[in-house]
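The structures come next, written out as structure tokens.
In what follows, chain A forms one complex with chain B and a second complex with chain C.
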Partner chain A sequence: MQIIVSGLIFGCVYALVALGLVLIYKTTEVVNFAHGEMAMFSTFISYVLLTSYGLSYVPAFLLSLLFAAFFGLAVYFVFMKRVQNAPHLNQVVLTLGLFMVVNGVAGLIWGYQQKSYPTAIEGKPFQIGSVFISANEILIIILTVILMLVFFLIFRFTKIGLAMRAASQDTMASELMGIKVTTVFMGTWIFGCVLGGVAGIMTAPLTFLSPNMMSEVLILAFAGAVLGGFVSLPGAIFGGLLVGVFENLISYYISPEMKIVFVFLLIILVLYVRPQGLFGGRKLMKKV
Partner chain B sequence: MMGILSNKRLLLSLLVGFTLVYPFLFGQSGYFITLFVMISIYVITAMALNLLVGNGGQMSVGHAGFLTVGGYTVAILTTKVGLPLLVVLPLAGVVTGVIGLIIGLPAVRLKGHFLAVATLGFGISIPQIALNWNSLTGGYSGLAVSRPDWLSNNLSFFYLIILVLVLVTWLIHNILKSSLGRAFVAIRESEVAAQSTGVNLSFYKTVMFMISAFFTGIAGGLYGYWFGYVSPNDFTLATSFLLLAMVVVGGLASIPGAIIGAVIFTILPELTRSFVGLNNIIIGIAVVLAILFLPKGLVSITEFFKKRSQPITVKEGTDRTGGMVKDANI
Partner chain C sequence: MLSLSDVHVNYGHVNALKGISLQVDDGKIVSLLGANGAGKTTTLKMISRLVKPKKGAYEMDGKSMIKEAPSSIVKKGVIHCPENRRVFPLFSVEENLIIGAYNKRNKSVKQEMEKVFSYFPILKDRLKQKAGTLSGGEQQMLAIGRALMGKPNILLLDEPSLGLAPKIVNEIFSIIKEINKSGTSILIVEQNAYKAIEISDYSYVLENGTIALQGTSEELKNNDEVRRLYLGG
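Moving on to the complex of A and B:
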């Protein structure tokens, strides 16, 4: 039971990252490989605010999310807007290039040494039934659930959500219908990056703070998102949680080194049976 | 200059001539020869990957895994079984090809990002398996590869690699011109249209993966022979990303593109390897600039200049864009 619960906590982090990835993909059709690195950068900003400027946790958290929003905005306008109509492979490789640049810049500024990062809520773990859980871990779970619900509701029931869905289906038609596609895409990048920032700040106390902390998280979140179908927000959450729990079970019962191998084996098996992922609907053939 | 560039035959013979005298230009220095060998290995891999990604339109983020498999096959076959090089090197390709077949079978059903994740998982898993399967792979310490006596001299082995490189280039060039290559392009352009004109999708996709894996395995085998040693950390996920960057930045679906990309992305990390952090920035910036300003890859650079130079009377003094290209071409 303890293993499943701690798996769920890592799963929540994967789910948050996956949520940002899917949000950006669903609207702009770009798989953002730099997502994890951008989250890492925002986390470093919050670390600097906490330690060098002595801010308390909540203002530092909010300010770094503000930074994440601007970062997303900048990346969209400087890079992604120019390749909006380029082949997908070009876009993917562009985000890979950004991945390297952001990673290198963070390494230059803050070095590659691991730093410990404070948790949001201090306090000893308490016991529920046979499971030990800390207040901070409960916060992570609550935050994930709230964010997922908020984004799900926005996407489903508001006009912004409708505009996002329309822009993702047909950029030109929605522009003709009076939707400002640039604004919608910009908003998506901002939301996605803020989600990434939250995930980064939640990850840092669990692992350690370093420029490479998010790369494994990103890979597993990507895997989780794909498992969930890559176009479905609940799917992303479910996939992330599933990957987290499965990973923890494997590292407890088989061996911690082989966990990634088994996670991907699971994903390949699932994809073999359902090539569109667990929550992905049947895809219509667009072009013939 | 343009004349030489447009004359393919002359360019080709110049290139081959250069590689033949290359070791003597640098006084047979071991460092420069090794650099050239690495370039050749990556050229073979990039061409193999380009066949899959550029011509076939199938994503692969795990080609480093095939390189590792090739390297380990050579190591195991030479040290544990003791077969000669001329048998081992093709066998490295065959074994990797079979692995490619196993990966290709589920990949037939997958598209785009789903395929990317499947291959990503393969690329990550192979080093982990090599690390943990102690009895076969030697775990952390890796495996030694013994070079045969008649190739103990670096110079003669260098020429063997050049020979393999030319042979592989010729083979891939011909595969792409054959009906096989046309079927790949048809699948890339439209799977439905290809299928309705009688292209067997699952067969050709699997074959594509096999061919690509085969040549990558040979490159990995050459790597093992040259360094005399393979370890799980030789080709990581970063290598897979770099390979993808080579193909896209050099130019998709183009053999010269793959060659240019491989040369640049072998030399660039080598030049900047002493600055940790900075090397990532430089490689990343090169990728970003190339994608933004040369979306068709570096092979299209001559077109780019032609386009610039024609309306030059109108746009005199707009040197800004010209300057950018030089940056992209670092």
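Moving on to the complex of A and C:
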């Protein structure tokens, strides 16, 4: 039981990263490989705000999310908007390049040695039934649930949500409805990066802070997103949680080194049986 | 009134439009005829500013629209109902109609929807159904209904008869006429020249990106070349 709960906590982080990935992919059809690195950069910003400027946790958290939003905006306008009509492969390679650039810049500024990052809520874990859980871990779960709900509500009931769902189906028809697709894409990048920022700040206390902290998280979140079908937001969340739990079970019963191997084995199995992923049932066929 | 004069559009090195001039007067139905690749769809796409003209003038009620974005063209009441219907397949019929009124205030949406149902009662029965599961004719009705939700002054229709059974084509054309009677100007692109000439006040025939022929419906119907090429004898 303890293993499952700890897995769920990691799973929440994967789910948040996966949610950002899927959000950007679903709307703009670009897999953002720089997603984890951008999240890492925002986390470093929050670290600087916390340590060098002595801000308390909540303002540092919010300011770094504001930074994440601007970061997403900048990446969209400086890089992605210019290649919007290029083949998707080119766009994906661009995000790979960004991955390396952001990683390198963070290394240059802050160095590669690991730093410890404070948790949002200090305190010893307490016991619920047979499970030990800390207040911070509960916060991670609550935050994930809240963010999921917020995104669900935005998508389902707001005008911008309607526009995002429309743009993800047919950008040309969306333009003809009077939707400013550029604005929608921009919004998607901002939302995605803020989600990534939250995930980064939640990850840092668990893994230590370093420019490479998000690479494994990104891979596993990616795995979670693929499991969920890569176009479904609930799928991303479910996939993330599943990967978290599965990984923790493998670490405990087999060995921690084997966890990634088994996670990918799980993905191969799932995709073998259900190529569209667990939630990707309604794949859109584009008419030519 | 919408007018184009000497509009050129290039796709890379291909000149799709080589100097098109046309005019849609208020309250009229104007049709654009011609073979595949003549530039009919490109003309509509240029009007809704999905493609950029290389040169030429584009005016709406005396104001130049050449620099406007697609969303502001929509706000001006020029609504483009694209080729192949392009309804949002994962949206319900209702959501498709709501998004048609994306730039409108929420209050008028219900009212407009009722208006659309008066033209296409079948959409009311299918309200909660996903648009992707509708038949071709129903999708075309939804596409036109969706365009009407934006309260068009000028409705651009691209091949509304494409791939539909003759009976449904007749139905759709008579509704197009009704829509026009309620005050909306219509610019219609059609392969089915006979049908289009029948309902329109004025027609242009496109050939290789230029206007080869134009005239009122009567004139075109009696034109030998048009009869031979487009009306089948």
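General remarks:
Operating definition for what follows: the second predicted complex is superposed on the first by the 284 of 288 C-alpha atoms of A that agree within 3 Å, B and C clash if a C-alpha of one lies under 4 Å from a C-alpha of the other, contacts with A are read in each partner's own complex, and residues count from 1 in each chain.
We take it that a residue touches a chain if its C-beta (ideal position, glycine included) is under 8 Å from a C-beta of that chain, and two chains touch if they have at least 3 such contacts.
As the structure is a computational prediction, the values presented were derived from the model and not from experiment.
Of the two partner chains placed by superposition, A:59 touches none, neither chain B nor chain C. After overlaying the two complexes on the shared chain, residue contacts for A:125 are found with neither chain B nor chain C. By the document's definition of touching, of the two partners only chain B reaches A:104; chain C does not. Within the superposed three-chain arrangement, the count of touched residues of chain A is higher for B, of the candidates chain B and chain C. After overlaying the two complexes on the shared chain, residue contacts for A:222 are found with chain B alone; chain C is out of touch.
Residue overlap on chain A between its contacts with chain B in one complex and with chain C in the other: 287. Those residues of chain A lying in contact with chain C across their complex are 159, 162-163, 165-166, 169-170, 172-173, 175-180, 282, 284, 287. Listed in rising order, the residues of chain C touching chain A in the complex are 48, 50, 69-71, 74-75, 79-82, 84, 86-91, 95, 98-100, 102-103, 146, 150. Within the complex, the chain A residues that touch chain B are 25, 31, 79, 82-83, 86-90, 92-94, 96-105, 107-108, 112, 219, 222-223, 226, 230, 255, 257-258, 260-261, 263-265, 267-268, 271-272, 275-277, 285, 287-288. Against chain A, in their complex, chain B makes its touches with residues 53, 59, 106, 109-114, 116-118, 120-122, 124-125, 128-129, 131-132, 190, 192-193, 237, 241, 244-245, 248-249, 252, 276-288, 291-292, 295.
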